[in-house]
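Next come two complexes, and both contain chain A; in the first it sits with chain B, in the second with chain C.
Then we have the complex of A and B:
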């Protein structure tokens, strides 16, 4: 018997991971995303790219969004669809991301001149995944939504 | 009642569908390795956790789609505690006279139902919370100071 609902809505499954804002936990998110992407059939280089992007997004959430407050959570939602994997990373927004920073390409000379060599994360994420979106969640935190497409 | 302070914790929620226990297994393994447990103990934990999640999916949630299995990990200086929580369409009732693994292997009963026996062998502590009001709660514990319980007897002739 056919079910019209399931034909129109893409079938998706969600895995939710809640991590304390402490550096090191980005590895748990990386390994979970990698385990899922491999089982979905993504090639090794794409899995590696996703791991780096997830690591950057979770590290940003811990360091900037939640300001290293271990009591604040970073929520990673992994949404599995037939043809894509969506990874959304949300923090509790103690510090909000400046929207002017989300599209800028950093100049290596400028960054080498600064004592803090950070500032590559957002650019790197853009380079590594197929789609990316930086928004403020309805609850007030920062949210990064990254998508990789499965090419068969 | 004694309350235990856990210095680190994480929570995970997976769809109640066979296959997703593998994702929970890998997430919890990454957590346990980060907490300083050896690869050998983490391998035991991976096996036990997979079994526990499969039980939750198959028995607790009775393979119903759209239900969830929640996994919480807590760690302190003494132990790692993992709790697997299903939505309990069917509550676990312990068998009156459970067969041992040896009896099962000798053909005295079904070859199924060895998951709990296996988990008991691999973990320092494991069991259902008898007072869970909402679904089955099953916990696995690994102590940092692992006590060796199964030393083979040495016979000299």
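Then we have the complex of A and C:
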């Protein structure tokens, strides 16, 4: 990435992805986030953690927020700052996130005998990034904002 | 285009049924992994190794599939181990608690050794 020398404010670069709500497209967001994070100088383990967090956020948006309706978009904004990378994922909110799920910590012992063995996504996101916020966007969809800090 | 294929293979080595998983472990992998597990179980496997290879992408849906295998392994009195996971996914498996139910080994040879010492112990 080239630096614009005439810029006086701290550089902030924003990349926007608009993905169809079809499983598999979360890879595009993962790969973009991974590529940016590497260029910013994040270590491999942090890039891997970010990739998992981004994939879970986009997968949730596709499956739950937009209910697999391919015509509905998932918008991923990647904001590159000098010392952090912010990834926000927004869906169109056909189904709103149950706030109880945001703070829940799943336990494998409780899950083994359940027919639904899922529910790890949001917890994984919380565990893997430095900051995370789950909100409702002004337009009514779910929004997840994830931040990883660059340690120098 | 983006629904990557997972290639699943079944082998036997030193009394262990090895299920090779090459590719991505996501929701699209469910049928393949479950049917490979059913096949080795119907063949009488007592020791099952999930041998991961080149898995860049295992997501929470993939983790849910693997927890399903753990449930079946417990029910069928088998022993389960995993090998070949990257450092990142080893960490995720520990975080989720899968490591309580399946020993994690670096590679296939180490896993076979582990099964051996578990049977002689």
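Criterion: the second predicted complex is superposed on the first by the 141 of 152 C-alpha atoms of A that agree within 3 Å, B and C clash if a C-alpha of one lies under 4 Å from a C-alpha of the other, contacts with A are read in each partner's own complex, and residues count from 1 in each chain.
We take it that contacts are C-beta pairs under 8 Å (C-beta built on N, C-alpha and C of every residue); 3 or more make two chains touch, one makes a residue touch a chain.
Not measured: the values here are computed from a predicted model.
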Counting touched residues of chain A, say whether chain B or chain C comes out ahead.
C
Can A:59 be said to touch chain B (first), chain C (second), both, or neither?
second
Touch test for A:94: chain B only (first), chain C only (second), both, or neither?
neither
Thinking of the overlay built on chain A, is A:32 touched by chain B (first), by chain C (second), by both, or by neither?
first
Does chain B (first) or chain C (second) touch A:126, or do both, or does neither?
neither
Looking at the overlay, does A:149 come into contact with chain B only (first), chain C only (second), both, or neither?
neither
Touched partner set for A:81, first chain B, second chain C, both or neither
neither
Which partner does A:15 contact after superposing on A: first (chain B), second (chain C), both, neither?
first
Give one of first, second, both or neither to describe whether A:49 is in contact with chain B, with chain C, with both, or with none.
second
What part of chain A is shared between its chain B contacts and its chain C contacts?
22, 24-25, 27-28, 30
Residue numbers on chain B that touch chain A, as the complex places them
8-15, 17, 19-20, 22-23, 26-27, 29-31, 34
Spell out the part of chain C that touches chain A in their complex, as residue ranges.
1-4, 26-28, 57, 59-61, 63-65, 67-68, 70-71, 74, 86-88, 92, 95-98, 100-101
Residue numbers on chain A that touch chain C, as the complex places them
22-28, 30, 45, 48-49, 51-52, 55-56, 59, 107-109, 111-113, 116-121, 124, 127
Which of the residues in chain A end up touching chain B in this complex?
13-20, 22, 24-25, 27-28, 30-32, 34-36, 39
